[in-house]
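The two complexes that follow have chain A in common; it is paired with chain B in the first and with chain C in the second.
Then we have the complex of A and B:
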């Protein structure tokens, strides 16, 4: 099944979906979004590409395997609990640093975001792993 | 801090093993070291808890009824230690037994995924969190049971997956009802509210749903049928791991729930569970008697033995509960031991079927010994731990005046002896059948693993005094739930 329309769409949609998934991931702490839904979008970006070009070509276009991505996500989620230990709080306590402060805008980064990044990678990796093995044949 | 390690270390090990999935030799050595580290850690935790009393940790700094609490009391610590020891033995056993394809297909990471779930279920203090750990454990076990994908395995795993889903549905429905009634899922908080509130309707319905969910996992009568239909299909090392850890999580949860949540209608629950326990023991042992596959006989015995644990639990005197905990530990070791010995037989003779086996005592007396010890322990022959476990259970039963169930327990013991002697006679004692294939070599690692476990079984029998002292303390904590509630909530 080779469709030119789908291929052109997929080629252009993939970067957009990836950027969008990052936006959703970042805003997730206080607004709708988060690691899970962002991960689904990231996975969807590659699955769309695989539907247009086939699994093997998609896997060649990305330099990592979905399994590694899942493991990396798990590792990051695990590590996000560690910074709390240095300040003597229980494991998984949220720790925040303020990067930029102004009267109007304020930019904060914290371990919950790191945890979300872990979820993001795990979900996307798992989704790709499952879909690629179903689509392969 | 030490309290998160039983969950976090397996996760870390699993991730490390996924990254190194191409290097089999590394995976074998690493999992060995990792499971040794886990065993060491759990033993440390056990020592710590028996010195200081119940330990708690409020994850993320959220105080008790709002956040997730990790709680380790003596029962949890005992279960953690036994589980990780069983896992250690299986990790020694696996490289020499499981074929290369399965080993490289993710066997090692999955085992640690399973351990993470099992450990999580042992130490969590929150019902929903426990559900999540159950799922972690089950997901790993689904893949492990189907790993390799032979036709027989897939048949078994379909049954296993389906019934597990059904159990999960019951589990979640019960959680929903409880949350709707009490507004909390923290186990200590819930137990506290059930004791202090005048009225809490539908609690018995929720408990009944919980009972169904856990009795499916623990393979109690009448929900045991999935176990003999699926447990014999994967390589026996995986079955041994399941027998030693998975079904016992169901029992652990039942102990915890019975101690915390059975507040109303205690008499009903006691009689109901005693009847279930008696039927579980009897049906399991009778069905085992009619089997000829070693793995099937042993699978049916898992069921029968679970009945003893429930019996000790519901008599609910410190003496009986202590005996039940001791019995659980003994069972985890001995059961795994018999499965591993069955695997050795298979490695040697290429079959699990008693009709095609024989003469193993003459050709390999040491291998026979490795089966004989845990099997006789299961049958309850002194001075092995199974004898002491049953003795204390029977003593506890008589002391509490529950004569009928105690009588059943003694009778079932005789039948267990019959099955074990049957395996012994057929596989080891009788002369070699004529068309038996040439014996193949048994790997040294599997022999070493089996020997280690047999040694542990013997030691458990030798040091019955000190071990019973610890389980007795655990039972005291369990029979007085206020200790647990106070440790978590920090109030009266």
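Then we have the complex of A and C:
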């Protein structure tokens, strides 16, 4: 199936979806969103591309394999639990550092965000892994 | 130094050996042997304390809640065994360092050997039943690795698996036995259990515990009918046989029986079981060794026979019998270690282990001939070797056995005659007589290969020459700890003229007679074996295992039929029935449905969902059904939004979109509906579906009205920002409060994805 409309749409939608998925990932802690939804969106971005251009072309256009992405996600999620051990808390306790504090704006980073990044990558990776292998022909 | 540290060092060394072997080269064997030698020095220095009758104990907390400690208990018996294991082990390491030169994966082999040594040492110095069990299993596993060392050979794999299955089965039984034994005491500590046999003796658990423990001991010590794994294990390289089948692995069972003798022993059933199985094993091992031609197989069957003798002696349990058991244990370890190592040497020098192809080796290998013949003299029980003292004691013990004295004496006489016969055969037919043709010119083996045999045989000689000064003190405490109340009888090389000496002389004569007419003996016993024992025990075992596998396969294919739709149906049917039962038993169902204040737009959505569901059911096309399912999903997400569950709605939309795409991609590969389900099948499917749908409905409606306790959501709402710094409660739950669950979930999806990926990749490769 070669559709010019789909191809043009996919080419322009992909970066937008990727950025959007990152936004959803980051804002997840306070507003609706999070790693799982973000991961689904990221996966969807690549699946849309694969529907328009085919799996092999999509895989060529990205420099990592879905397997690596899944594994990396799991690893990050696992490692995010480790910092808590150094402060004597149980594995996976949330640890936070405030990078920037102002009366209005506040930037906090914590291991739960890192964990969410892990979820995000794992979900997207597994989605791409499954879809690519089924769509491939 | 202490026992815990020593075992720790050995385990560390076994881990390091595979990486360091290549750099140490030929020095590896002697260097690794430093650790066991250090252990020997430690135990020798502890010996005077032990000989005074004291017990050295150490204990480290392990699982204190269940009273499982890593504790050690070293008494006279334990220390004798430890010295044997470490002493023979050190020489085996030196021997193996040289012996294994032509083979691959030497480092790993050394590692396995040391691991085995650590495990075996662990068994004999354990002071806690559970600790002992752990080491027991460790010997099973490491011996599996050692026996299967030539893993490219199918017979090695079979033999290794056989040994593992049998000893593993015994190990499980043993664990059960240990737990039962520990129950009346409320502890697994040996020091408590050994101190007082009364709790278990008077308990109803005595018999089950005894049977389970005997199963463990008999499988390990190759007692009939589990004996066949031992000859099979001869496919292992010679250092393994020399170590496992002289003083260690197979002696573990005997060790256990002797160790528990003060607690479990000296009852009617103990006597009957041990003497029966021991005698049968002893005679049978001797009988099968007659017709073997492979050097190591002969030694293996005599080992089976010797193990039978030991079990018989422990079962007899009289003062003489326990004395004989301990001495014979020492005797056997010394000569069998030597003989196995020499068998390896002979194979190395001549290229064969078949005694019919050997002969006249004395000229080329004089030292080897003398060493091996001396060991054989000990095996035959001829003075001045320690074997003679052992055999005299065995005769003494059996002639004084409390029950079926003559039968046992006859069995012992037969066994010893066969041993004399084999000794003559293994020395005269191998080193003297007609010289055979060998592929290469044999010569006396290297020092590393001879060090062990020479030292062991010299020990045998020294202990035999000075039994009262050397052998007696070493074994006296062991005898007392195996059987409190019994003391060591004086050991003498010369007992004067009595019945026992007469029996010894008769044995020698019979053995010589058998050797003289060996052709006739071999022919006759061969034909008897052919007629009655043609089907080997190991084949029977293999058939049993195959049958079991076949049965499980058949039984599994009933439940695991491979049809996904039926799996789903089973899951749904079982789940809904169970939930329905719960609903039935719980409070009466209150269905308060109030449609009055339902907004009109939601009514439209609900109507849409119902219409979509109906069309999905009646549609004749998969694509239409799929799209209809998608509509249902979107309808539900609209409802979520209406009730401000934005997170859920977004997730639902994403999942729905992806599910439809995924299903489309799959549909593309599927054929059209070949035929529609029969009406019966449709009724069944409809019933299951309605059951599930209805229970979900009732559940949801009930959940709204039932309030069992303070809902956890209020905690999450409160703690979400104050403790986890997030206002999105759903997300905070996922990544913080319940992060470990999420980690589990993403691991599952990652593994599932890998599974799908590899399955599709594999099936594609098959098509090509």
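Criterion: the second predicted complex is superposed on the first by the 137 of 137 C-alpha atoms of A that agree within 3 Å, B and C clash if a C-alpha of one lies under 4 Å from a C-alpha of the other, contacts with A are read in each partner's own complex, and residues count from 1 in each chain.
Everything below uses one rule, namely that contacts are C-beta pairs under 8 Å (C-beta built on N, C-alpha and C of every residue); 3 or more make two chains touch, one makes a residue touch a chain.
Predicted model, so just to flag it, every value in this text is computed and none were measured.
Trainee: In the superposed arrangement, does A:35 touch chain B (first), chain C (second), both or neither?
Mentor: Touch status of A:35: second partner only.
Trainee: Which of the two partners, first being chain B and second being chain C, lies in contact with A:110: first, second, both, or neither?
Mentor: Once the two structures are laid over each other on A, A:110 reaches chain C alone.
Trainee: Check the residue A:131 against both partner chains and state whether it touches chain B (first), chain C (second), both, or neither.
Mentor: Once the two structures are laid over each other on A, A:131 reaches chain C alone.
Trainee: Counting residues of chain A touched by each partner, does chain B or chain C come out ahead?
Mentor: C
Trainee: Would you sort A:70 into first (chain B), second (chain C), both or neither based on which partner it touches?
Mentor: both
Trainee: Pick one for A:89: touches chain B only (first), chain C only (second), both, or neither.
Mentor: first
Trainee: Determine, under the contact definition given at the top, whether A:78 touches first (chain B), second (chain C), both, or neither.
Mentor: both
Trainee: What part of chain A is shared between its chain B contacts and its chain C contacts?
Mentor: In the superposed arrangement, which is not itself an observed complex, chain A uses residues 67, 70-71, 74, 78, 81, 91-92, 94 for both chain B and chain C.
Trainee: Mind listing the chain C positions that touch chain A in their complex?
Mentor: The touching residues are 646-647, 650-651, 654-655, 657-658, 661-662, 665-666, 669, 724-728, 730-732, 734-736, 739-740, 742-743, 746-747, 749-750, 752-754, 756-757, 760-761.
Trainee: For chain A, which residues are in contact with chain B within the complex?
Mentor: 67-68, 70-71, 74-75, 78, 81, 84-85, 89-94
Trainee: Using the touch definition up top, name the residues of chain A that touch chain C in the complex.
Mentor: Chain A reaches chain C through residues 24, 28-37, 40-41, 43-44, 47, 51, 67, 70-71, 73-74, 77-78, 81, 91-92, 94, 96, 108, 110, 112-113, 115-116, 118-119, 122-123, 125-127, 129-131, 133-136.
Trainee: Any idea which chain B residues touch chain A in the complex?
Mentor: Touch residues, chain B against chain A: 1, 4, 8, 11-12, 14-15, 18-19, 21, 57-61.
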